[in-house]
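Pasting the structures here.
Each of the next two complexes has chain A plus one more chain, namely chain B in the first and chain C in the second.
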Partner chain A sequence: MRDFLRWQKRNLVTLLMLAPGLASFFGLFVYPILVTIVRSLKPEGQSAGWTLENYINFLSKPSARGVILLTFILAISSTLLSIVLSVPLALILREKVRGHRLLRLTILVPITVPGLIGAFGLLLFWGSRGWVNLFLTQFVPFIHEPIRVNYTIPGLILFYVWHYFPYTCITTLSTLESLDRSIEEAAAVAGANGWQVLRHIVLPLIMPGILAGSVLTFMAAFGSFSIPLITGGNYRPLSVEIYTQIDVFTPARWSMASAMAIVMAALQVVFLSLYMRILRRPAA
Partner chain B sequence: MTTARQYLQAIFNAKKLLIYTFLLSFFLYVMSPFAMILAKSVGKDWFGRKWLPPTLTLDWYRWAVEVAGIPEITKNTLIIAALAVAISTLIGIPTGWALGRRSIPGKEVLMSIILLPRMIPPICYALGVARIFYRLHLVNTHIGVALAHVAICAPYAILVLSSTFEGLDERVLEAASVCGANAVRRFFHVILPLVMPGILSSMIFTFTTSYNEFTLTLMTFGPRTVTLPIRTYLAVGEGYWEVTAAMSVILIIPSFIVLFLIQREVAPEKLVGGFKGV
Partner chain C sequence: MLSKKVWVIALVLVLLGSSVVGAAPLAQEMTYTVKLGDNLWTLAEKYLGNGAAYPAIVGATNKKSIEDPTFAYITNPSLIHPGWKFLIPSKEAAEEYLATYVRPAPEKALPTEITMVDTNSGSNFQAYWQTVVLPQIEKDLGIKINYVVSKSSEMMERMKAWEKGKGDFHLLFVKPSHVADMVEEGIPLETLFPDRLDVIPNLAKCPKEYLKTAVGVPIDGKGALYWRSQYTLIYNSEYVKDPPTSWKEFYERRDEWRGHIGLMRPNSKSGSGRRQPYSFLYAFLGDKIEMPFDELKETPEFKDAWAKLTEFYAAAQQPLAPEPSPNLFERFNAGETWISFYAMDFCLWSRDQGTMPPTIKAGFLSEGMTAGSDGYLVVPADIPEKYKPVVFRLINYLLSDKQQVQLITTMWQYCGTDIWDKVPDEVWEVIPRWEDVEPTRIRMTNKPLVDYIKEEGPALLGGG
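Right, the complex of A and B next:
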């Protein structure tokens, strides 16, 4: 009996310790989501009655498909490009080349500075009067007119990669550094050349790290808001489209915005669970 | 034979050159935007095809301070960040301790549930937060904006602190008891010094998250709680790019200080879970 009481007391203490975390989780996340779901099921501007028309209106519009497609195109292509950038970078930085400390610090910059500042700087740098176009028009033959980068889809992808590649890169680098060098040496001794070691030994071993990092990049790119808000121009992915509903329209279309937010969250969850399932599958 | 060797040497040199070109272009890709912001913020009459502004000026900084009210806005930002850090740490310490050191059924599931706010795009629940805060009159107050930030800061504080507490070695605590330390002494002289780095890194991360947070601030700010990212966003919209550049330079200084601290004190891979792009 006394043991039982002690056990119960211990559980109570544990629960009390968990309470602040659970309170913030339910109060600042679950409750807002529930409010959003309820709002999305109400007719626009009214508090009575239930309806699905917000979802139907949003999903039946041809533009909605375009918006969702754009969101996925941006997120997927920037994730793939991040991998393409990160793997060689990580392979080089592992060798402790000259200046590798500075470069490691450089990788952290995009995720430490406010995203807006980065986006603003990128707009200046890639703009028609920016240094990139100055370089192209002055030093590259056959280019006399500035190339339009800002407010185009390739430009947006370029900016997304700038902002979100560090997740992939840092994970890849840390996986690579925890790798046992003797495996590669064994392969080299067995007669594999540099390319074969890379292709058959190193890449398969660091694949889990690359994929785990790319999930983070994908998540961040899918939910990205401030970057497309100021660099997107006419290309508005879901997050910006949601904000437009309450910022541009008067009266604000809260129900529509809520329905879109729920669709976005659902897409994110579905895509992530698919991704996780692929990740868990035994290495191909 | 010598020609073959020279040929191989040439390939080797070219490979080295290729690697350094790659690294240099990567460095320029990441860092040039900041150099350009800096040039823009001190430049005057910078039109047309010029690499650098023809005349230098500090006028835009004066504008940023006098017209855009940067000191007031910095004060707001720091108050909000301090509140968010304090609240998240107070939430993170007990919950992190429970998750790190006590036996809880379904701990893994609980942990991933608590981390959900970092996986769902913030805009999805920012709408709900805004509606609730309007009703509670929390919009346009410092504590309200800070609470909105806690939604995204607290999960990370819990994650970092629970792994810190989990790493505490039971044997060290026992040794302290054996050597005659009572509970109070043990707490101040053994546990606290051991967990302090973890608490500090959690505070650094939550500070940066709150300092950079844009989405949740945009949904809950008012005239009295404009923060630096919001002001920058408004300035970009207003089109005074030189003043925006000057503001960005001011806004970026704390970020670089944090970056320096992180590089010295914390392993960078811990960061990955820490920051979420906004």
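Right, the complex of A and C next:
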């Protein structure tokens, strides 16, 4: 009996301590999602009745497939490029080379700059009269015409990487720095060359860091709005299409926008669970 | 009532007393500039022979300040500043004034701080309000304005929830469609024209048809017209020496500027995405564009105009300019875009600011050019009564010739009042004359056509 009371008391305390977290989880996450789901199932502009027509209308549009595909291409390729960029950068920074503190701070710049401002800056920087093209046409032989970066898919991916790679880079770096160096030394003593140490020792050990960071990069890139809005040109992923439903059409198409948002969320969840399952395997 | 009686009796006694004392009463009204150490009581004593007659000076000066803003407007008689200009009435006029004067209860002193919500201005006019007009208002009228930029849909929701007399923003600066929406939603607004002409005399200079209707909806004088915004041909004279003078010419000569015509995505947030194709179609369809869209769509004229529109868009710079105007402006700066159709005031202002090339010019397309968002000043009826006189005075000030001419000379925005003879001639060397623009102003009244452009435009014209 006494034990039971103590057990009950402990549970009550736990519950109380969980309360703020649960409240914000429901208030800030579950409730808005529910509102969006309900709105997506209502006929446009009406509050009565239930319908699936918003989903059907969106998914049956020939352009919808292209939009979804584009969203994935942008998010996946920028995530992969972020990893490719982050791992060597982290390896260099680990050695505490001269100026590494400045470099560490510089890496944070893209996340601290607001997306809108960053996007405009990138457009100017890479434009036909921007610094990059100015340099290329002035100093590089054989390049006389400015190269086109703005409003192209490779350009868009470049801008995404610039804006979202810090998530991957920072987590990779912190995992790498917490590695016990003696493991690598042991491998080297046992006869492994630099590449082998990296391939078989370091990379598997920092994989959880890469995974966690790249998931962050993927999520941010998948939902990216200001970068494609301003620098996308004709390439407009889901987030921009949703915004168009609300801010361009009058009266705003809230139901259609909600349906698109739910489709977007569902795709993201499905993809992330697959991604985590695949990438966890080698580390396990 | 009792207090009024007591006051009148006291006044009569005082006036009698003063005439007995026999100071130097004024036979004629005079202008007086405040010096250090003056106060209204001593001025009234000196010129009207009686300190208690000071409200007559306040009344005369405030009345004068409506027609001539160089005169001070006294909101608090115990606070006057050296340099303020007063009108001191003749003793006779002062007595007449005081005979009907009711001393206001102290708490009824006019507010000196009001809140203004702006749902219309682009970044150019947001800067203009904040750096130019608001300081002028504070200096000339002694009114401090809390300037708030917001969205019309949000403001509508807030106003619907107001209790009578409790409204907490006192002046709105809005698009014509927003005035129409508020009237249609039944949000109570002050009828300015003609009901308030006595306190807003400058309202008489606004064109009546703009005060009667906005975007086709009868608004019956519930707004004052502050400015008129116009889309025009915009071109860089460095590249375009001989600009087209009509849409048809623009279309015929499109190859000259192929790849350098700056057009906005049909489904951009900016209205230019629709104003550009709508104006083009109007040039070929004329008033036929008003036909119900289902019928219009099947006419050979529409099919022909739309085919030409498609050819025109194919000659534009690709991809079409995305969302905000800085994107378009940057293309002008890069020398990639040479010619476009856009908000004249925004382009020329940006040119003056250095964010567009200095060689940018505005031109005229004869068949018609879409109106931009005209700017209306609106007073919600549910604000506390004591704010209304202040807001009316402010509106009168904003419609004064000085303020209106300043709009066109510094911001390249057409005035809301018809005072074209007061505009310096140099202005017309830069922008088309209003009498040329006015008859060709198009409004996008065929909403299904506008929706068609938004919906199908990206796939049919580019930007899909």
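Heads up, the rule we're going with is that the second predicted complex is superposed on the first by the 253 of 284 C-alpha atoms of A that agree within 3 Å, B and C clash if a C-alpha of one lies under 4 Å from a C-alpha of the other, contacts with A are read in each partner's own complex, and residues count from 1 in each chain.
Operating definition for what follows: a residue touches a chain if its C-beta (ideal position, glycine included) is under 8 Å from a C-beta of that chain, and two chains touch if they have at least 3 such contacts.
Everything numeric in this text was worked out from a predicted model, so none of it was measured.
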item	value
Combined model on chain A where chain B meets chain C, clash or fit	clash
Contacts of A:Met219 with chain B and chain C, given as first, second, both or neither	first
Comparing the two partners chain B and chain C, which touches a greater set of residues in chain A	B
Partner chain(s) touched by A:Ala261 [first = chain B, second = chain C, both, neither]	first
Chain B versus chain C as contact partner of A:Pro88, first or second or both or neither	first
Which superposed partner A:Val248 touches (first chain B, second chain C, both, neither)	second
Touched partner set for A:Phe120, first chain B, second chain C, both or neither	both
Which of chain B and chain C A:Ile56 touches, first, second, both or neither	neither
Which superposed partner A:Leu108 touches (first chain B, second chain C, both, neither)	first
Which superposed partner A:Gly232 touches (first chain B, second chain C, both, neither)	second
Partner chain in contact with A:Met276 - chain B first, chain C second, else both or neither	neither
Chain B/chain C common contact set on chain A	120, 124, 129, 229-230
Contacting residues of chain A [partner chain C, same complex]	63, 120, 123-124, 127-129, 151, 229-234, 244, 247-249
Chain A partner contacts - residues on chain C that touch it in the complex	267-269, 273, 318-320, 322-324, 326-327, 330, 333-336, 451, 454, 459, 462-464
In the complex with chain B, residue positions of chain A that touch it	14, 16-25, 28-29, 31-36, 39, 85, 88-89, 92, 97, 99, 102-118, 120-122, 124-125, 129-131, 134, 137-138, 162-164, 166-167, 170-171, 173-174, 213, 216, 219-227, 229-230, 239, 242-243, 246, 254, 257-258, 261-262, 264-265, 268-269, 272
List of chain B residues in touch with chain A within their complex	19, 22-23, 26-27, 29-34, 36-37, 40, 47-49, 51, 90-92, 94-99, 102, 104, 110, 113-114, 116-117, 119-129, 131-132, 147-148, 150-151, 154-155, 158, 208, 211-212, 214-215, 218, 228-229, 232-233, 236-237, 241, 244-245, 248, 251-252, 255-256, 258-259, 262-263, 267-269, 271-272, 275-278
